[in-house]
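Chain naming follows the written order as A, B, C and D, and within any one chain the residues start at number 1.
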Amino acid sequence: MSENVLKVENVTMQFGGVVAVDNLNLEVNQGEIVALIGPNGAGKTTAFNVITGVYQPTNGAVWFQGEKIVENHPQGKMKQQYKGEHAGDYTQVLAPTPDKVTRLGMARTFQNIRLWKSQTVFDNVLIAKHCRTTSNVFSAAFRLNRKEEAQQRENVLELLETVGLADVKDELATSLPYGKQRRLEIARALAAEPKLLLLDEPAAGMNPQETEELTAFIGEIRDRFHMTVFLIEHHMNLVMNISERIYVLDFGKLIAQGDPAAIQNDKRVIEAYLGVSEDA
Amino acid sequence: MKKFFAMLLALAMVLSLAACGGSGGSSDGSGSSQPSGGGSSGGDKVVRIGVFEPATGDSGAGGKQEMLGMQYGNKETPTVEIGGETYTVELVYADNASDASKAPTAASQLVSQDVSLVLGTYGSSSAIAGGPIFGEAGLAAIGVTCTNPGVTAGNDYYFRICFLDPFQGTVLANFAQEKFSAKKAYLLGELGNDYDQGLLNYFEQAFDGTCVKDSFPTNTSDFSTYLNKAVAEGADVIFCPVSIAYSTQIVKLAASMNLEIPILGSDTLDSNMVLEAAKGSNVQIYVSTFYQEGGAPDFDNGIKAWLAEDSTAMTNNGGNDTIAAVTAMGYDAYYVALEALKAAGSTDKGAVKAALPSLTYTGVSGDIAFDEVGDAIRDTAYIKTADNAAGAWTLETVQTAK
Amino acid sequence: MQYAISILLSGVSLGGQYALIAIGYTMVYGILRLINFAHGDVFMVAGLMMVYLTASLPLAVSIPLVLILTVLLGFVIERAAYKPLREAPRMSVMISAIGVSYLLQNLATYITGGLPQMYPEIPGISATVSIAGVSTKWVTIVTPVLVLVLVAALTQLINHTKVGMAMRAVAKDFETAQLMGIKINAVISVTFIIGSFLAAVGSVLYFTNYQSIVPLSGSLPGLRAFVAAVFGGIGSIPGAVVGAFIIGLSESIIKGSNWSIFSDAFTFALLIIILVVKPTGLFGEKVTDKV
Amino acid sequence: MKNTSKKGAWIGLLCIAALLAAVVVLENVLDPNKNIMVFTALKKGAVYALVAVSMNLLNGFTGLFSLGQAGFMLLGAYTYAILTIPTSQRDAVYYIYNGSAINFSLPELFGGGAVGLVLGVLLALILGGCVAAVVAWLIGLPVLRLKSDYLAIATLGFGEIIRAVFQWDKLGPVTNGANALKNFPTFTSFNIQNANGETVLRLSTFVAFLLAGVCIAVIVLLINSTYGRAFKAIRDDEVAAEAMGINLSRHKRLAFVISSFFAGFGGGMFAMFANQAQAKTFTTAMTYEILLIVVIGGIGSVSGSCIAAFLYVAASEWWLRFLDAETFIGGVKVPLLRNGFRMVVFSVVIMIVVLFFRRGIMGDKELPDLLKKRRKEGAVK
């Protein structure tokens, strides 16, 4: 078994005639912080959605901790349309729902924050623990799971203290300032006890100071929880500061990979960025 | 401005709620019940008779016609001698909305208003739902036209003055065979309506030929497929003991498609609205009923005069003065109630209940006496046919059970 | 054979009448995402107005008057009961619709006393006609034709006028349309006006066929028409028409079979099967939830 | 934190116990006939409260818009009735079908008498709930994949289908076709009588409250458990819930089945209240009625649903009744008052509530929350 936690193999995602992700291959190793960057519409979030089971890829497979969790080959109409080089290599269909992927040990955040609006900060994190409960409905309803529940509450409290949200734990999640909401979303993902943390543009909409704090925060998390982090980002500062390796996507294709220094000097990357988007 | 308006409305609502809470909760009932007719002259002693009838819902029309009989009776005889004293009779109304889920509260309302006995209801399922409440309170109820056997069975406190479904179904089946030598009958009733389905069932049992049975869902108004089916099946008669709203629909349709098959109906079809629907057409309609207009001329003339002067009553009767059998039954029920009060010699509900089983009375619809279950001992039904030219009922035959 | 024709005829005419009501449902849903439960009752009220108006006015006056009054009713309902709730959760608006439906039914009960009212004969379409030995009213034949004409006119309106364009825009994206300066409230009012107008036309056709009106007369055709709208893909006008004819015909056929007691159940079973196979109905647009 | 919640639970329990005791005392002290309206309204209110809370569990807490409540109530009511009609009464009840296909009665199986009654009724109610739950599970397989309005219309359709099946005369020996099932134990059967047949202790309203109370308590416990939190997460954001490892289809099905169980249980209680069970009572109109209660009480508030249920029943069937009677004040007839006016006023009241109290009586807050808030505010001042 290799050391990698996540391996994406020949993944292609086609929506009708549009190829959102084209034959993507990447690996994330234990304890690494890896970034996936690219201009708007490059297919980053789509790649995330394939990895987490939201979309079933047109072709390709995803391995998690040495286990194949997603696998598909072009079917039906797609079969005629799809002309990728590995077409038909994957014959077995494996399509877990996102919740199953999460229970396997991957947890994600969202580009546009998706917290549970009517819940408090504490409950938002506590609910994420639900996927780790072993009690059934009856024992939960009749409070036969007191021990587990108490344990979970304690863990959540600890977690909130770690991420610095303990003082606002009884506030409504949506009443928090933007930066803290991002933080809360990460805390929520951590509560699901993942091995791999997937962050979808964690610094979107943040000012430079907040971004700096977040950069430090992500590093802290990796160290404290021995976490592997895979993130999508626009903010070059953040990416360059914390990631060990970077993959660059453009129009669904992988155009470059390597350490931050190499990427910064890669011609194609600069072209892709300057040519398409200026706000990055 | 908007907020102010909202507050005002809310306030009005709360106030009205509070006001009604007050009057509804007060059990003396002086504010919430009405002295009907010219009841003010009879002195201070008052006896209350509960009227447990639907005024809304799908049996609302029938319920109102039944109430008319009681109201007319009350107008005619607003007082009663009980134990040597004159009492003014007051009718207390409760609308059971033709709905079994609303009937218990309506029944409770009557119980709380201290009535001596209860009349009603049109529609058996409300009677079945309300019955136990009366039984629990020790209050006797006299069913007027609830013909389902389940009303009185198992309930000592429910009596009734009409015939029962098994009797009516049998009578009509016999009539169909005698008059039309029918070999095949098409039976149509509302799905899930115990009245319709019960009658269809008894008809089927008594009918020697073949029966084609159909049910339509509640609130149907398109009956063309059903009538066409009857034609296609080659039925000799159509039997549709459905409620007034459906029967007018069916008759209208039959008139427009020149249906040649005679339509048989039960007491529910005995309504001037059915007559009106059939007027001027060639539809043959036969209904079995409790009463035939002309059977008691005094009553007929009296109530017609009353309808002519009371416009609300006229509207409730469907806008003309043809007397429905249920009205006559309501009228008789009112007098049976008075007789029971007299026989009891007291307004106490227990005494009234005790007096009922042995009571006999000759009303406009015939002799009334109760058997051991509390059902009327009746063995005659009138079969009427619609005279479409004149828009009136004519007596076809008087049928007895064999 | 004759029987089959009679079933077919009644199915087609039912389908036509459902279609006219279903368009109202589908248009309102397309724009407001609201199941307008009161629509069937508007249809019933249109029928009752006809009964009361013809009592004192000639038909030539009362028919246009009924159309105008029904349109007005639809407009008022929207302004009074739905517009104040534009920002409220969708369930509230639906409850408001149920409330309006209750109110109309109870008012009708109060005014008519719950007694069935006889719909007036309308010369021309009330007359009987015989087709292949099956006698039926002219209205049965007029209905589908009229439906097609009205739908064609409506499609023209939606595809080729400014109002129609605005309606399509609002249906596609409520917020953006608003930002683009489309007068949302005006568009919604127009939608309700068209819906109520068609319901009024539908009521004339329907009650000419089935002449007795009770306060609950609107609920069954209303529900059926709604099912038809969902069946065809709610929000799509051709879908509503096709759905209505399918529902009308299948209802008629099952009524004519030995399983007539399941005619309602069958309609719903058909609906559920369609929804499970094609979750947005026959012609409905696919909606995807963006992650 | 934990202590206060425990304390709150105790206070809640005490309040409920006090309420139950008050019901028993009142029912035995007040004149049963003069005040029968109060108790009838209370009984119906209790039944509707339970059903409304069960619907709220689905519509308010899980965000699944279902309109099948009346159908599930029907299943519960019929199961209860069929299992509890005394064998001696069966021929009379099933008179059209010459007796019933099921010839046992649960209270009798438990040996009759008071013990048999209690155990039999309880078991029958629970079985009623189970039947509803099983049917819900089956229906849920295809239907729960649908979203919002489509789910609503599909569940509404299933309600209608269930009703048609129960009205089918081929099933008559079991369901009694179109006829009502009756003569089974009702709430009043729990009134204790002495040897002379006089009622010595009235417990009918108490039983209704107890049953509804226990069920609602279980629902509240569920809502506050980890599963309840998961339901709320699904309601707030399905995508996020799924991403956080909550199995959507499993949890939706769970909520649907549990809600249906309690709707079925409530249906059995409704039969006890109405003294009969007949399919035609359980119409879509009934579902709308319950939905109205849920919305008026506040979507996502259990105590709101309970309060609204009592208010709704009392207003529609008791307080406003005087509007139906023609009334004379000082010899002058009050205009407008006649049959049917009550329902007009009632629908206007509903419209006012819906338009001006959009979030219902309680919003998504619970009664204790409001009290706590007030205390907090008081402390700050």
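Simple rule for what comes next: a residue touches a chain if its C-beta (ideal position, glycine included) is under 8 Å from a C-beta of that chain, and two chains touch if they have at least 3 such contacts.
These figures come from a predicted structure and were not determined experimentally.
Just to be sure I understand the contacts, which chains border both subunit C and subunit A?
Of all the chains present, those in contact with both subunit A and subunit C are D.
So which chain ends up in the middle if you average the CA atoms?
D
Between subunit B and subunit C, what is the separation of their C-alpha centroids in Å?
So the centroids are 35 Å from each other.
Need the CA-centroid distance for the pair subunit B / subunit D, whole Å please.
31
Counting in whole Å, what is the centre-to-centre distance of subunit A and subunit B, each centre being its mean C-alpha position?
71
Which subunit A residues sit where two or more other chains touch them?
Touching at least two other chains: 54, 110.
Give me the residues of subunit D that touch two or more other chains.
Residue numbers touching two or more other chains: 164, 167, 169, 239, 338-340, 343, 355.
Two-or-more-chain contact residues of subunit C, please, as numbers and ranges.
Each of 106, 109, 113-114, 261, 264, 291 in subunit C touches at least two other chains.
Taking the touch rule as given, give the residues of subunit D at its contact with subunit C in the complex, in rising order.
Those residues of subunit D that touch subunit C are 59, 65, 142-143, 145-150, 152-154, 156-158, 160-161, 164-165, 167-169, 238-239, 284, 288, 291-292, 295, 299, 338-341, 343-344, 346-348, 350-351, 354-355, 358.
If you look only at subunit A, which of its residues touch subunit D in the complex?
Within the complex, subunit A contacts subunit D at residues 52, 54, 97-100, 102-103, 107-108, 110, 114-119, 123, 126-133, 135, 137, 140-143, 145, 149-150, 152, 188-189, 192.
Considering only the defined contacts, which subunit B positions touch subunit C in the complex?
Contacts found on subunit B: 55-58, 60-61, 64, 191, 214-226, 228-229, 231-232, 244-245, 248-249, 252-253, 256-258, 273, 276-277, 315-316, 318.
Where on subunit B is subunit D touching in the complex?
So the residues of subunit B in touch with subunit D come to 6, 9-10, 13, 16-17, 20-21, 23-25, 27, 31-35, 55-56, 60, 64, 93-95, 99-106, 108-109, 111-112, 114, 125, 128-129, 131-133, 136-137, 148-150, 153-154, 191-194, 196-198, 201, 213, 215, 217-218, 312.
For the complex, which residues does subunit C have touching subunit D?
So the residues of subunit C in touch with subunit D come to 29, 33, 35, 81, 84-85, 88-92, 95-96, 98-100, 102-103, 106-107, 109-110, 113-114, 223, 226-227, 230, 234, 261-262, 264-265, 267-269, 271-272, 275-276, 279-280, 289, 291.
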